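These notes concern the structure reproduced below.
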Amino acid sequence: MSHELLKTYPVVIELPVAWGEMDALRHVNNIVYFRYFESARMAYFTRLRIWNYMNETGIGPILASTGCKFKLPLVYPDTVSVGTRISEIEADRFVMKYVVVSHQHAKVAAEGEGLVVSYDYRALRKAPLPDEIKTRIEALEKSVESGTPDGG
Amino acid sequence: MSHELLKTYPVVIELPVAWGEMDALRHVNNIVYFRYFESARMAYFTRLRIWNYMNETGIGPILASTGCKFKLPLVYPDTVSVGTRISEIEADRFVMKYVVVSHQHAKVAAEGEGLVVSYDYRALRKAPLPDEIKTRIEALEKSVESGTPDGG
Amino acid sequence: MSHELLKTYPVVIELPVAWGEMDALRHVNNIVYFRYFESARMAYFTRLRIWNYMNETGIGPILASTGCKFKLPLVYPDTVSVGTRISEIEADRFVMKYVVVSHQHAKVAAEGEGLVVSYDYRALRKAPLPDEIKTRIEALEKSVESGTPDGG
Amino acid sequence: MSHELLKTYPVVIELPVAWGEMDALRHVNNIVYFRYFESARMAYFTRLRIWNYMNETGIGPILASTGCKFKLPLVYPDTVSVGTRISEIEADRFVMKYVVVSHQHAKVAAEGEGLVVSYDYRALRKAPLPDEIKTRIEALEKSVESGTPDGG
């Protein structure tokens, strides 16, 4: 789904809504949206080749906090597109934004964000965000801007 | 994925493997295969228009038992195709067969089955499988056989 | 577990950590915390007899947003106590606070909150929070304060 | 819960039914029963100190197949007791039996079984079940029999 609602997100994944993810209120259960966010985050990290970097250096991402605003209940059958972008980069952390778009409704079903901290898994403490990762994030984010008419 | 391994299954769905569905052994957790089966079952039921029938008559399917044989561990990233067919029809029940095929390996990751009983949700007791549903099942199953070279 | 960390929470539930809820990083997966919050929320709603009220009037709670700060990774085997309280009541909504305490560590593993909106499920729109529910919330919250030395 | 229905099971765990584990049919979703079985299996393995053995030798259990018969739908709120026993031991495998008892109904909600194969995680192939583990299983199973009148 290539949609106006997703055009500022450099990484977009598509996921089918599973019948069994609806709860007794007959809507997709609230925890499933965080699974959507996680899958989108992992797709973004793959684009950054962050796991290779982590295997070599021991420095990788850790989710410090996350949140979701529910806009529209999701119901089976449907497919969602989940867009992700990184909106703020600081010395040892960045903020990811998520949007969940329902194909049935062509509307935003939920918006979320996550704070990801750079962590040294060998030293067991926070670590500065490596320059290499920061550069890759900036390049990936720029790919979206340059795709818009007034990009550049 | 149109694969030899799936050709006897009239209903096939594709599902992405989610990173968060792996457990501490770094394989897709065993309960996730039953979610795959459920999603495949629901896709098959949709093809039978079983929910409309249930809304009109109160007679619908209930899962009486299910099982799975694990053949190959699944790991993120991967996509699975899940095929479903109905192998035995009796007066008040039928047996569904499931197969999970890993795209990464082009191999069967798991095989399963489910016993589905026809249930009168208004009278709260087992009910004969309606002829109409039985006819639809037979037509759907035949669609696969006739698709094979020596079909019919 | 009757713990200092939980004493300001009028509703506390205990939940075992399931092995299968750990992910490939060998910590309890982030979405599980939102299941903990949900279970705590339902326990609180039960104490308010909110479901009876909803059946009679059609007015009930809807989760508008939720978030979690992760403080300490959880690992199987462990048991968590999840405390809930309502911190702010407005005309048509209230804010719930959650705390997850690990028994292994006797420390806070996570803190969260949820914004719950009063919804008329018959008219399909927001509704004022019924006085009766507001009174029950205040009584339940007061039960904790009066348990403290300077309570009341 | 110390119940007649559980008395032949040497390992019994108690788990609360979570509201969010009910699906759109307002019963606990079928995949949750396999989570119950898994939690029971892990509790049994802990009693066998199987993980220590695995860390030392590389030989551990792997789930080859599992199945469940659903007897009674579970509904929130409820608590289940899940009993586990090992019913058959062969050279390189054993069969576990599970029973799920609803406290609300004091009845069996489901019965299941799992085939567990002994696996050499270093050599990546099946391995004979170590005598030490076999002896521990027999001792644990005997603990139940000796609790019955004609035990011994």
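For the reader, a short list of remarks on this structure follows.
Chains: A, B, C and D, in written order; residue numbering restarts at 1 for each.
Methods note: contacts are C-beta pairs under 8 Å (C-beta built on N, C-alpha and C of every residue); 3 or more make two chains touch, one makes a residue touch a chain.
The model shown is predicted, which means the values in this text are computed figures rather than measured ones.
Between A-C and C-D, more C-beta contact pairs join the chains of A-C.
Look at the CA centroids: the one farthest from the centroid of chain C belongs to B.
Annotation: 26 Å between the Cα-based centres of chain A and chain C. Centroids of chain B and chain C (each the mean of its C-alpha atoms) stand 37 Å apart. Centre-to-centre spacing of chain C and chain D amounts to 31 Å, using the average Cα coordinate of each chain. Of all residues in chain A, those that touch two or more other chains are 19-20, 29-31, 35, 38, 76. Chain contact summary for the complex, chain D toward chain C: residues 13, 15-16, 18-20, 35, 38-39, 42, 46, 76-77.
Remark: chain C residues 29-32, 34-35, 38, 63-70 touch chain A in the complex. Taken together, the chain B residues at the contact with chain C in this complex read 19-20, 22-24, 26, 29-31, 76.
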